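One chain, chain A, links the two complexes that follow: it is found with chain B in the first and with chain C in the second.
Showing the complex of A and B:
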C-alpha cells in the first residue's frame, strides 16, 4: 500500500462511522424478481464483507426493522484462493473475503456498501450464482492433456524456464468468474471468455498438450469463440490472480491465424 | 490441419479485413484526392476527372467500396448490439476505446449514408449537390463542394465525420494487429497504440485541412505551402458556373 493510501486510511479511521449500511440485492430463487434490502451493522475495525454478512445472518433485521430471511452467499477458503465468494461489491467484481470494509469506506466514500451477485451468471439465490457454464467452456476447449493408459510413460518432456513460468501463471486460475463479469462482450453465454482461452493456452504450451492443439483451437473457433473478444481488456484489470489473460488471448490469436485461418495453405 | 471454422469466426475475420483493405486503403486515397483542393480548383477537378477515367470504374466502385462498406457497416451494427458497455464501473482506457470504437462506428453509419447520398448521388434535397453530384460532374466538382461547405453546419458535420473516420480506422488497425496475433505483448501493444493514435491525429489534420481548402485557398495552412496555386487557377471556366 502506498504512503498516500495509508495516510487516507488513517485520516478516515480517526473518525470512523458508528454504523455501516449494507445494501444487498436479494432474490428468493432462480427466475424470481430481485429486490433490495439494507441492513445496518455497528462498525468495528478490520471487518470484511464476509464477516459483515455473518453479522447480518445472526440477526436478519433490515434497517427499517423488518424481520427477513438471512442472506445466502457462497464462501470457502477465506483467503482469495478458491474464488467461490466472488460478488459485485460497490459496482466492481471481486472476492468478498478479501474486500475489507475499512478500505471500501476510504476508497468509495459514504457509509453504504452495495453487494450484488455477479450479473452474467444464473442467480440461484441472493448473492449465490451458478457458474457451471465456466466448466462447460473448459470442456469445449479440451483444457486437459491426453494421457493414454496407466502404464509408465517415462520421464515427461522438458520445457524452457520461460514456458514453465508463463504456464505457472495460467495454472493459478480459480474459475472465479471476475473476467467474465467485467467483460463488456460477455452476456447470455455468447462468448467463451478469457478464462477458457487462458486454460487452452496453458495446455497448448505444454509439450505433450501441443499434440492436440487442433482440438483446442477448434473449440475456440466456434460461434462463441475467441473472435467475440472486443479487446476492452477489462479481464486483465480485474483478475485477482494476476493471470496474463490478454497474453493468452493474443498468443492464441496468432495460433489461430497460423493454424486455422491459413492452415489450408499447408494442405 | 482440419480445423472447422464457424460462420461467426469467418464473418468476424472478414469484418476485420474489410475495414483495413479495401475501406481503410480507400480512405487514404480519398484524403489524398481531397487534399488536391489545396492547390486550387483545377487540381481538384482534374483529380475527380482522373477517378472518372479509372478502368472498370463501376466494378471497382461496387466490389472495392460499396459491397465491403455495406457488409462492414451492417455487420458492425450487429457487433455493436452485442456490447454491454461498463466504462463507469470499469474505468480503463482500453475499455473506453472499446466503447468509442462502437460509438464512432454507429455515427459513421449515418454520416456515410448522408455523405454518399449527398456527393455521390446528389440525393439530399435542399443542398447544392441535389441532382448535381460531384460524381459525374468533374468540371464543377470544386464549386459544388465549395457551395456546400460555405454552410458552417455542413462543414462541421464533415469535419466530425473525418475525425470519427480517422479514429475508427487508426484504432481499427490496432484492433486488427492484436486480433490477428501480430502484436501480442503488453509493451508492443502500448507502442502500437501510440503509433495508431499518431496516425489518427495525422489523418484528422490532413482531412480537416482538405475540407477547409474548399472555402479558403490552401485550407488552414499559410498559402506558401501551396505555391502552385496561381498556375492551377481556371481562367476560362469550361462550364457555366451555377453560382
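Showing the complex of A and C:
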C-alpha cells in the first residue's frame, strides 16, 4: 500500500460495459494440454476476480453457450494475506482476491479479462498450481529460530523498535510466489529464489537466529543458491507485501562474503 | 520413527493445530498433520489486532486474575471458569514463547515487548506485531513445526480434507478418513488419538469475515458421529464490515470515532448517487434514535440497529448495506487520521471513502460455540480432542478482542499432553488390523460415489447461498422464535434438496465440486444446531439477543447448551456452568452515562511505515461496552471514552 499521506483521486470507470468477458486458460489435469475458454458475465459494480469466478462456477457455460466444467482455482482469506489465490491476471502476476474488475477495465481497457495460472509452478488444474517447492526452500535455509524448547524460559532477547520494524517487513511474506513468477533467473526450480533468501535474512537478523547463521547461509551457497540472482529486480516490483527483497539479497551476499572470510581465517 | 510408537493425528494447522503439533513432536511422538490448505495459509493469518496476556509491563497492576475476570465478564458468565483461569495464567508465557520464536512484536524504547490497550479492558494487555499479529504468530509456529518436519517427526498432509472419524465398536476414536483434494484418493489414518483444530464455521452464514476454509465441516462430521457440540447458538457479529460479492471484510470502528455518520436514504427506493441526496432525505437512524450517543452507540446496539434497518428493506439499494459517511470531513484530516483503514476500503471496494460514503454491514465473525470439551480438551468421544475456535471452552456467550489467538494456543498446548497421556494408556488391541479403518473408508467412498452419481436439478452453490441468507437474516444479530422455527424448516428443506444436486463437474481431477458438496451437507447439519440452540434459549446473553426475552436469565439459562446428533434433529440438553471462582454479576450497562463508547483501533497507525493496517483490525468486545466506560477507573470525571482514546493516540503518535 502506498503512503497514506499522498492523496490521489482514483480514476473511475465512467462508462461500464454491460458484460465482461473472462478468458481463462484451462487445463484438465497436470501434464495435459492447456486450452482457452471465455465466459461472459453481466457487469456489476464491486466485482473482483474471485467473485467472477464464483459466478462462473455456479453455472459453467461458455460465451458460445457450451456447457463446460467449472474452473478450478484456490482461495482462502480473500484479504490478500494468505497468498493462495495468486494467478496471472491480464499478464500480471497478483492475488485474484484483491483484483477488482473495475480497476482492470480502467487500467487495461477493453472488456476482456484474461486469467492464467502462474507459469513457474506445476499447473494442477485450470488456475491452481502447486507451490510445495517454496515450502521446501524454507527447509533448505532453516527458516526458523532454534529453540531449546517450548517450556517457559521467559521473554526473548530485547530488541530495538527499529530492528523489530525491519524484521516485521520481512515477516509479512505470504509465500505467494509472485517474485518467483517474475524473476527471469527462476525456471524449473533451478534457483532458490528471493522469497527464501528474504526469509533467511529475516531469521539472521534476530539475535537468537544469528547464532545459527552459518547453517542458513550454507543453504544459500549451493548450486541453486544466491549466485543465480542476476539482480534484475523484477521480484521487488511484483511483491504485493513490499518485502525488501533486493536488500535481503544484497545483505545476504554481504554476510556470505564475511562468512567466507572468517571461514578461511578459522582454518 | 517415533520414539515409543505413539501417533497423534492433528486435523487443522491454524494456530491451535500447530501449537498442538509442536508440543507432540517436541515430546518425541509422531504427528500426522492434516489440513485443507497448506498450514501457513490457515485462517489464523487474518487476525490483526493482537494477542492478550497480562504481562503487566506498564506498571498498571494488571494480572492474570484481571484478565480472567474481564474474559468471564465479557462472556456473560457462560464459560466454565477453571479453564479460563488456566488460560489467563498461561497467557504471559505464551507471549514470551512467541517472543523467543522471533515474532516481530512491537517494542518499547527499552526494547521490551510493547502492549496496546484493546477493547474490553482497562489495561495494556495486547501484544501486537504491526497490524497482522495472527499472520506473524501463525508463521512462527509454522517455522517451528517445519523444523520438526525436517527431523521426521511431523508428516504433513496439506491439501487433504478430513471426512470422518474412525470409531471402533465402543465409540473409541482410532483415527480418521481424509480425502486428497487433488486426486480424490481417500486414506484412513491410524492414530492413537486425534486432535481437531479445524477453526470456525463462518461459511454457514454464506458470507462472513472468515476465510473460505472455515466451513465447520470436519467438526460437523464428528458431531454426526457422536461428538457433543456446545453453545452453537453463540455467534459473534461485528458491526462494521465491508460487504463484498465474495466476502465481508472488517472495517475498523475508528471511522465512527472520527465522526463517521451512519445513514440510509429516507425513501428506501432512492437510488440516487449518495452525494445527490439532500440532507433532509437522509435517515441518520442512529442519531435519530439515540440523540445522546448518535453514531457512537455501543457496538452491539449499532450492530442490531443497522441489521434491523436492512431487514426492513431500508438498506441502500434495498440491499444489506448502509452508508458510513466520512465525506463531510476534510480529506486531508481523514488521510492523516484514518489513512490506513481508508486504503483498505479503497483496495477492496475501489471507492475513495474521502469522497464516496462507505457501504457497510454487520458481519458474522466468530463462533463461541464448538465441540464440547472437558478441562483437558477431551471431547466426549474417547481418543478425540479439540482445540481452538472449533472448541467451545473459553469465551462463553461473547468473545473479547484479542482473546481468540491466546485461546487457540492454550487449547493446543493443553490438548497435546492430554492426548499423549491418553494415547500412552489406551489399549490398542487389534484396532490396526481389525478392519474398522477399511470399513470407514468404504463408507466414505460410497458417500462420494453417490454424490458423483446424482443427476438432480439442484445447484449446490445456490443451496449454499440460500442457507447463508436464511442464517444471516434470522440467526445472527436479532432473533425471533417464529423466524428461528421457519429457518429450521428451511434447513430441513435444503437438506432434502441437497439429495438432488448434481455436482456439475465431469472432470473429477482436483474438482472442488465434490468437496464443496460434502462440506455443504455438514454445514446444513451444523446450521440446525445453531438455529435450534437459539430457538430454545429464551433469554438474551452476550451475542445472543432476543427482543422478546431481552434479559439474561441465570436461573434457567446459566447453562451450556449441548447438542447431540440424531437422524431426526439435534437433541438438546443443558449442563450447569462451573462458576465457582467469580460470582456472576449483572452486566448492567444502563448506568454507564458516558457520552460515547467508541473504540480506538487506529492505534495500529502509530507503529510507523512498516506497520500498515490491514483490513479489519478488530479490537472491541462484541458486548455491552458502556460497562467498560462505567468501570473506567482511568476515565476522569466529564471525560468520554473517546477523548481518552484520542489522548492515547496522540501519545502513541509522537
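By our rule, the second predicted complex is superposed on the first by the 240 of 267 C-alpha atoms of A that agree within 3 Å, B and C clash if a C-alpha of one lies under 4 Å from a C-alpha of the other, contacts with A are read in each partner's own complex, and residues count from 1 in each chain.
Note that contacts are C-beta pairs under 8 Å (C-beta built on N, C-alpha and C of every residue); 3 or more make two chains touch, one makes a residue touch a chain.
Owing to the predicted nature of the structure, the values given are computational and were not obtained by experimental measurement.
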So, A:240: does it touch chain B (first), chain C (second), both, or neither?
-> neither
First (chain B), second (chain C), both or neither: which does A:222 touch?
-> first
Answer with first, second, both or neither: which of chain B and chain C does A:58 touch in the superposed model?
-> second
Partner chain(s) touched by A:177 [first = chain B, second = chain C, both, neither] = neither
Determine, for the superposed model, which of the two partners chain B and chain C contacts more residues of chain A.
-> C
First (chain B), second (chain C), both or neither touched by A:194 | neither
State whether A:84 touches chain B only (first), chain C only (second), both chains, or neither.
-> second
With the two structures laid over each other on chain A, which partner does A:159 touch: chain B (first), chain C (second), both, or neither?
-> second
Which of chain B and chain C A:117 touches, first, second, both or neither = neither
In the complex formed with chain B, which residues of chain A make contact?
-> 91-92, 182, 184-187, 190, 214, 217-218, 221-225, 227-234, 237-238, 246-247, 250-261, 263-264, 266-267
Sites on chain C touched by chain A in the complex = 22-23, 26, 37-38, 40-43, 45-46, 93, 96-97, 99-114, 129-130, 132, 135-136, 139, 143-144, 146-147, 149-150, 158, 182, 211-213, 244-247, 249, 331-332, 335-336, 339-340, 342-343, 346-352, 354-355, 459, 461-462, 504-507, 509-513, 607-612, 614-616
Which of the residues in chain A come into contact with chain C in the complex?
-> 1-2, 4-5, 7, 9-10, 28-30, 44, 46-48, 50-51, 54, 57-60, 69-70, 72, 74-84, 97-98, 100, 102-103, 124-125, 128, 131-132, 135, 138-139, 142-147, 149-150, 152-156, 158-161, 164-169, 171-172, 174-175, 203, 206, 208-209
Per the touch rule, the chain B residues reaching chain A in their complex are 1-9, 12-13, 79, 82-86, 88-90, 92, 94-95, 97-99, 175, 178-186, 189
